[in-house]
Amino acid sequence: MWQRIIALAIKEFQALLRDPKSRFVIVGPPLIQLLVFSFAATFDLSNIPIAVYNQDGGQAAQALVARFEGSGHFKSVANIQRESEISRVIDDQKALMVLNIGPRFEADLLSNQPATVQLIIDGRNSNTAAIALSYANTLVADFNTQWQTSHPLRAPPSVIVTRAWFNPNLESRWFIVPGIVAILMLVVVMVVTALSVAREREQGTFDQLLVTPLHPVEILIGKAIPGFVIGFTEGSIIIFLAVKAFAVPFEGHLLTLYIGMGLFLLSAIGIGLMISALATTLQQAVLGVFLFLVPAIILSGFATPIANMPPFVQDLTLINPMRYFMIILRGIFLEGSSFQSLQNQFWPLALIGIVTLAAAGWLFRHRMN
Amino acid sequence: MSSPTPRRGSGWMRMGGLIRKESLQIIRDPSSIAIAFLLPVVLLLIFGYGVSLNAKHIPLAFVADAPDMESAALYASFNHSTYFSPQIAPNLATATRWLLNRRVDAIVHLPSDFAAQLSTANQSAPLQVIVNGIDANQARLTQAYIQAGWQSWLTNRTQAAGQSAHQPVELAARIWFNPELRSRDYLVPGLIAVIMTLIGALLTALVMAREWERGTLEALMVTPVQINELLIGKLVPYFVLGMGGMALSVAMAVWLFGVPFLGSWWILVLTSALFLLTALGMGLFISIVARNQFVASLIAIITTFLPAFMLSGFIFDIGSMPGWLQNLTYLVSARYFIVILHTLFLAGDVAAILWPNTLAMLAIAVFFIAASRRKIRKSLE
Amino acid sequence: MSAHGVKNDTEAIVIRGLHKSFGKAPRITQAVNNVSFSVPTGTVMGLIGPDGAGKTTLMRLMAGLLTAEAGSLEVLGVDVQKDPLTVQSSIGYMPQHFGLYEDLTVQENLTLYADLQGVPFDQRPNRYQRLLAMTGLGAFTDRLAGRLSGGMKQKLGLACTLVRPPKLLLLDEPTVGVDPVSRRELWAIVYQLVQEDGMTVLLSTAYLDEAEHCDQVILLHEGEILGQDTPAAFTQHLAGRVWGAKRELGLRRHLQAELKQQPGILDAVIDGDWVRVLLAEQTAPPTLPNGVWQPLPPRFEDAFVLMLNSQRAAQTPQAPAPPTSQPIVPTARARPAEVITVHELTRRFGAFIAVNALSFSVQRGEIFGLLGANGAGKSTTFRMLCGLLPASSGALSVAGVDLFTAAAKARARIGYMSQKYALYEVLSVMQNLKFFARAYGLKGEHLNRRLAWALSEFELTPYHDTNSGLLPLGFKQRLAMACALMHEPDILFLDEPTSGVDPLERRAFWGRINELADHGVTIMITTHFMDEAEYCDRLVIMSQGQILAAGTPAAIRAQAQTAAAPNPSMEDAFIALITAPTPPTGVAA
């Protein structure tokens, strides 16, 4: 039995890798995309263009503006002279926000009156707007603390001391790169498994395969092996690069990581082969891949937290293998999670793998005629 | 054997024939129609309802080493906020365990001398906050929300004591176009651009490769048909199909998700048409270069969705990317269309935004179609 | 343009010193090498040659789909290289696999080509009517092209090519995979066009009996022209060298194999009750114990085989190896046993009955033929026997089991070669062989032995590292057969194994089949070559899912005996049987 399966697996590898075009497409893009996306995917904003409408011009106002410009997050792109220019700057997206300092700013400040600073933000990209606003809040709070200590009026009754665990500088790249690792592995596995049967159907070789003594389960295993091997190899390379090139900490155990990776590959291959067994043409297979791939990535907690989703969508994510693998990867990379603490991620992955592989096997047998 | 001058017939007739042929094929194979209509519906529903960057009910562990009136007031302040669902932990060790196994995302800790320091005039009572920094973006937002909760508690407290309560500088933020920062209002238009990239490329990525593989191209090539007619005959039916998908997506955005639309409809139609051409052109180009359906499928899967998702500014801010990468994003046509859609939906017709982005899309569309035209020759070599 | 037209009103095609090669150095193949010929207007010209002779390349050059490296090429007085579009507007070209859009109906396919060819709307109804009547497709205008039988597809392809009457018609192997009835109909159409419209026709074919229907024939071999003449002129010098042999006892194929090895005999094939023999020059028929000799008139095929054999002998130092088998010992015949039995086998697809209450049985070591028009249900029967499709009702057993329900292991006893030569095109020859051998559980020394056997027996060694998709058709066929034989099956299913393959390849193929049968392998085969049906021990002729006739080839020929045709060939018998009781599906209108 194993000899036949290995023969089939070797044939699958040759079919994937002998043609230079398809060999390149399977090997090249994941590595390129890791590089590109790891730089692209960050929620840390830098050089946010702001316009300053400084109607006061005094020392305190200058100090506040300097604090914005010196933070690294903001870059002053224009000085506004008139109220009417504000809307032009925002509408045309020359600046994401306008810092409007009133003419009585310093006077209010010195007379212990509330000195109000107006911030006008372009809300078209609400996520960027929210992040920019939170930066501005922090900067103003820091300004206040400094002002209070240098102009001793009264010590604030309470202060906040914040620490962020696992990622002290709140670098979002640490969070994103493990997610990209998971996405690229999923894409590679889908590409390798989901198109394989449809391709044989279109070339007419599937019948030839079925008259050999290969049992449907053996065909299934033979077609799963390349996905597993290629997924494992590319996954290892991508993880190595992530740690070495992007300096993402790796706190956990390699063994735990590989257990999680194995279970994830199993479930992804199961889904890929299910699509493969259902599709009769390549176009249908590609449609199937996207109908799975896009929701799986969106609903994985990669970019937007699952906790923010409404309850029924949260329930839906329970069948998404990416959800569990995201937690496993981030846990192992950043927290050094142990095998025990990830148990609740491992068993759902194993369950999804078993169910989808069994379904794929069933479909193989019943779609033969 | 009479007149030696052959009749070629008109180009319109040939194009009409090709368009009719392609349309019939679309109707007979439901997977193209599924791509155009099923894909946007499924994806928009999942996104529109499922994805939100606005956090609500963040689980929070609240630890007071010495519970008293002050700590109860602070707890109440968090409890009233829709951002948090605080849980009282008996001690810091328990709260830490909760944080580690993800039962909570943050800990607010009042040390045992918190009350004492609070009432001492010249001392500031430190409120310890620990957040789980793994999701850096979420952690930052959580910090900001905690700060706001703490601020409102402090204001109430000083006002109750009859003192004026204000910070030296107060920030008054006004957010234009999307005052409540509803993330759906910005995600849905962006998503339309991502989905249309997918659809456009998928519709055409296999069509030329399929004709190659099935041998139908050879018979077409010996007819008097010209390459331009062949390309137009391929593009028009899928363009119509894609515009249908686009219309469906916009209708869902406006009527189902209630995203405001402030721009002009005709500009939307025009820019959508141009964007769709860039996506269809890219698919056609893939199809012509790959020449076989398997490789075309691989390229389509790998080069469409992820770049449009990651490099278009849909979720990740382009301005914050390194310079070389920003240059790379100029090649992603979705980046222009996303800006146009955000502006048309939330801000209105802003000429300074619409013009440059439209011209950029035009350049990309021309590039792909011209490249396809160059690559496909009326010959089998 | 008109100036050219006057100049060449008598020659439809003029080719001088044409060269075309493929590939890059060092692997250049000369597909067309210094070819010159001309085709007179209003004639039917046959382009004949073995696989890889350059027939298709030549056709594509004339259609302006390829560019030549050297030489001149004028079609209808127009230089094809300079103005391909003008040529394409005045010729009709039907490629080997005509690109019908299978998801379009017959009428929609016609309309598409009418649009592409710019046929004016007012002329269309008449044109459609004529073409549909000519091809007998009138009753099927609303049927999807994908659901037509092979013969009907071919006729539809021709109709699409003819939708705007061309002055020159190029047909690349128009009759491959088409049953004899449809073939005769296609030829009738061609003649009608030449006579009524004065069309010039250039066609290539693998059926050498068809060459005799042409006004003139061009023989092409490895890109070079061996001769151009009338078919009769090719056979003139063979008078007196073609004989038929007959022996009362034993099988014809044994006699054929025996004769083939005798010195002085260049070719031996089964022809009806006789074994047809081509003698070397100045040779008398050898003595034949218990047998009789009879002189036969030479055919074009004899001339063709002779010419190819001498060409190949000139290139390779040793003559083509005769089957290197031991003396034939028909031991297997001693204990006949039913290996395949089929009883009341029926298969429905919805309301359509593809196979209707079929019953027959096949003995061990027998060569059993399944003949029938396209769409008669042959392939469906094959798929059921191989366990690819469940039967709707009835019983079947292959080697004692129903392969659809039996354990996968049972399939190790059969070998299957499908119509399309299902090979992994991006894999090399060696990789294909290895995969199929291992899939059947071969390993170690045994595996190596079989691989070596396959490479030498099928002469695939020079190609062992070539992608199977790039092989010439004849080699694809050899490789597909080698793959099906790697595990030495007891039963071999061959679905149109020789479709489109040249006569020499077919002779080698049948040599192997006969040898296998003599070693006790049961062989079940479908074919459209009626001369090949003569190699079968027994055969059935199917039509519309039912058996029309069954028995030995001689018995079937006898069924078609009439006063008018006392000595019908297998093809005559086949056509008589198919057309007699009920009209076949293709010509109902």
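The letters A, B and C name the chains in turn, as written, and every chain counts its residues from 1.
In the analysis below, contacts are C-beta pairs under 8 Å (C-beta built on N, C-alpha and C of every residue); 3 or more make two chains touch, one makes a residue touch a chain.
Bear in mind the structure is a predicted one, so any value in this text is a computation, not a measurement.
Novice: So that we know how the chains sit together, what is the shape of their touch graph: line, ring, star, complete or other?
Specialist: complete
Novice: Work out the mean Cα position per chain and let me know which chain is farthest from subunit A.
Specialist: C
Novice: Rounded to the nearest whole Å, what is the centre-to-centre distance of subunit A and subunit B, using the mean of the C-alpha atoms as each centre?
Specialist: Chain centroid spacing, subunit A to subunit B, equals 13 Å.
Novice: For subunit B versus subunit C, what separation do you get between their C-alpha means, in angstrom?
Specialist: Spacing between the chain centres: roughly 56 Å.
Novice: Considering subunit A alone, which of its residues make contact with at least two other chains?
Specialist: If we look for residues of subunit A contacting two or more partner chains, we find 19.
Novice: Enumerate the residues of subunit B that touch no fewer than two other chains.
Specialist: 29
Novice: Which part of subunit A faces subunit B closely enough to touch in the complex?
Specialist: 19, 21-22, 25-26, 29, 33, 36-37, 39-49, 64, 90-93, 109, 112, 114-131, 133-134, 136-138, 140-141, 143-144, 147-148, 151, 154-168, 170-172, 174-175, 183, 187, 190-191, 195, 199, 202, 281-287, 289-291, 293-295, 297-299, 303-305, 307-310, 313, 316, 330, 334-335, 341
Novice: Considering the complex alone, what residue numbers of subunit C touch subunit A?
Specialist: 383, 386-390, 408-412, 414, 416, 418, 420, 422-428, 431, 434-441, 443, 467, 483
Novice: Any idea which subunit B residues touch subunit A in the complex?
Specialist: Residues of subunit B touching subunit A: 29, 31-32, 34-35, 38-39, 42-43, 46-47, 49-58, 99-101, 105, 118, 121-141, 143-144, 146-147, 150, 154, 157-158, 166-179, 181-183, 185-186, 198, 202, 205-206, 210, 213, 290, 293-295, 297-303, 305-306, 309-311, 313, 315-317, 319-322, 325, 328-329, 339, 342-343, 346-347, 350, 352-353.
Novice: Which residues of subunit B touch subunit C in the complex?
Specialist: Listed in rising order, the residues of subunit B that touch subunit C are 1, 4-10, 13-14, 16-18, 20-21, 24-25, 28-29, 211, 214-226, 378-381.
Novice: For a test of understanding, state which residues of subunit C touch subunit B in their complex under the given definition.
Specialist: Going through subunit C, the ones touching subunit B are 1-2, 4-5, 9, 41, 60, 63-67, 76-77, 84-86, 88-91, 93-95, 97-104, 108, 111-120, 144, 157, 160, 164, 167, 198.
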